[in-house]
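Input: a single structure, listed below in structure tokens.
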């Protein structure tokens, strides 16, 4: 089954709108990441999908059936909680077989299923342990196994990596992705970590202030951000404020070429973004060349981040090729390729970045 | 220097706290019928008297046990739904109800005792043993109410959500998650009520109407004739019970947390 | 990250709002009957009338209250006997509760700095002594303070009595009523009453102060010390201000608790210095048998207790807000 779809979902708490008019269709068997800063409404959205909160308006359907009013215990979407929410009074095996036990599955059968799942997450040896005896990574595996035990239509994870330390996090991201692909289960992961989203997801939903800013594959979202928020939140970007002039952008005395030309009426206030690795320090005649002065050099091994002062403002350039030794105070030329410039409308309340 | 002083102060406080208990324990060993300390002709004759031969005390002890167990069981059974409603709904009405349930414990017991005396006189049940049980349950309702509330508050809300996403209805969640996790707190509340009921006599005095007596009430009733070493035996027995019960609570429950310590620190 | 994480929202999401309200109503009924009607009856009967030889009858008269405040024979004669009993009840309770909190405070502070295990052991001991019946505690102090054994005997045997006589302190003690011509005596005296009362509530004081003191952030005192504050200064400038309200709240609660103490007063206080609680007992079940007047005295005790409880509650609330 699957075919999970949200239509005009809204959630308000009193005057506070936590989620606004969200409509999404989730890919069957794919992993979708709900990505955004804290307080953007992504967890609320996930909880509404799980049935833990009622939407104020809108509808949720699964395989064409309206499930908006179906309580959580009837949806039985497996969910992994931020704190893992493992029951301390049950051992690992009993935690995993919880859903089956309360559904009345015979003990032997439930235990066999628990063994199978613990095998899947490589924890067979820990079946009889108490939850308090497990490490963070082990707890997460138990939580995943427990949520999968009931063979849910949809698998939900709320910030599953936040309780783990950095090193473990990257390993678990890969492992979780492999497991999900093997099972082919429709999965939704809430995260505020763009690396996590890009590592695991087939598609990413970028959210901010309760709204969906953009939905697409990780590559599309990175290379073709649809607005300034996405450009800023996904990866790094240098921002400059200007106005349009014949499809190009004017900032002070400088007119910067943009391809394809920006589709704005002349004189519209716009915000322009350039990714640090797209700007170049050497070569390339075609593009917008600007004089620049080095103010700081951050050398982290494979890449150098060079902080520059230019006539249009400060910017950071990531340089992984030239390897030329630069020092604070050096004067040079920086090139912003015309096709590397993203132009977004500028709202009046946005201050220059 | 400050540390040593602190230790001396604590030890001194402990000594003063233990002093009357030590004296009573000593007096219980008196061979004669007068309360002397140090005891005269020390032996365990009074213990035999209290536990075996003197019907008055044996009967009183039996009543004490029946009342204490009955009252604390009833108090826990009443406190559970109250604590649960308070926790799950948190409505103004449930707060008022919890407040009313705590009144008897908070106000002077002599007033509550007088009131209960009037109440049971009206219903015509004054002097029945079950009236003593119900009265003590009302008096000590506040104790399991507090401990169970603390237990409920310690449950991670995510556990309830997790149970729901795995197909548990509210009733199933209650049985499989809430009840087992709050069991130690229910038991603690039961024991607190048990021990205090064991030792209470003022309310019991008014509701028993001299039809029966518990151990402490029996002592209270014979107060005009002064204390006897047999009463000291009762005191020793009761202290031992209290120590055993609270040690059990400390062993299987988190006593510092029950008493309101910050749980994040050790 | 959920904006509002109310339990109501969670639970109502699981169950439709068709609850069975009769269960709650039944519970309310039971609690109302057991916990509230006794107090209401006391209040109602306090307006009743005594009938000689036949108990009492319903009425609506203020005679019992008049008798309490100015005496039954007013206006011919004014009796302040009952007011005086209330005064003694307040007097003993105030001194004993302040004394208990003042000594329990440093103890509890030191207790909270101990290891969790040591705290547990101390708490077991304190709870055991807290739950100890007033009759047993009075029994212990009765032995300790009686003339034939305990402290007076210790004074005599150790020579402390002779020393007191030589230094002249003995005369002072006699003036205070703490000595007879031969030796020191503590029964009956205000000293014994207050001492036993404050012993009675001391474990309660520890239990009441324990939450506030154990939540005291140790980094606060450490910060003060790094800024050059000595132990005394840390106590007066950091610890005391933060626990001032719980401290006063504890005094008020213990005070209310002690208002109703009975055995201590009967055994240790002089007959002329008995309290309202004793008078309630005398009226309702003792020699005088005047239930309405007993109820009226109980109401006065109740009102006094409720007022101080409300004050304590208010202070606790305020300390939680901060």
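Chains here go by letter, A, B and C, matching the order in which they are written, and residues are numbered from 1 within each.
In this section, a residue touches a chain if its C-beta (ideal position, glycine included) is under 8 Å from a C-beta of that chain, and two chains touch if they have at least 3 such contacts.
Everything numeric in this text was worked out from a predicted model, so none of it was measured.
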Chain whose Cα mean lies nearest the overall Cα mean: B
Centroid comparison with chain B (C-alpha atoms), farthest chain: A
Centre-to-centre distance between chain B and chain A (centres being mean Cα positions), rounded to whole Å: 55
Chain B and chain C: spacing of chain centres that average the CA atoms, whole Å: 18
Centre distance in Å when chain A and chain C are each reduced to the mean of their C-alpha atoms: 60
Chain A, residues touching no fewer than two other chains: 47, 51-52, 71-73
Residues within chain B bordering two or more other chains: 161, 164, 169
Junction residues of chain C, two or more chains touched: 10, 13-15
Residue ranges of chain C in contact with chain B within the complex: 5-8, 10-11, 13-15, 23-24, 27-28, 30-32, 34-42, 45, 103, 106-107, 110-113, 115-116, 119-129, 131-137, 139-144, 146, 148-150, 199, 202-203, 207, 210-211, 214-215, 231, 256-257, 259-260, 262-263, 266-267, 277, 280-281, 284-285, 291, 294-295, 298-299, 301-302, 305-306, 309
Contact footprint of chain C on chain B as seen in their complex: 2, 6-7, 9-10, 13-14, 16-21, 23-24, 27, 35-38, 78, 81-82, 85, 87-90, 94, 97, 100-101, 103-104, 106-112, 114-119, 122, 134-135, 137-138, 141, 157, 160-161, 164, 169-170, 173, 192, 195-196, 198-202, 205-206, 216, 219-220, 223, 227, 231-232, 234-235, 238-239, 242-243, 246-247, 249-250, 255-256, 259-262, 265-266
Complex contact set, residues of chain A against chain B: 47, 50-52, 71-79, 81-83, 85, 87-89, 98-99, 102-103, 146-147, 149-150, 156
Residue ranges of chain B in contact with chain A within the complex: 156, 158-159, 161-169, 172, 176-177, 180-181
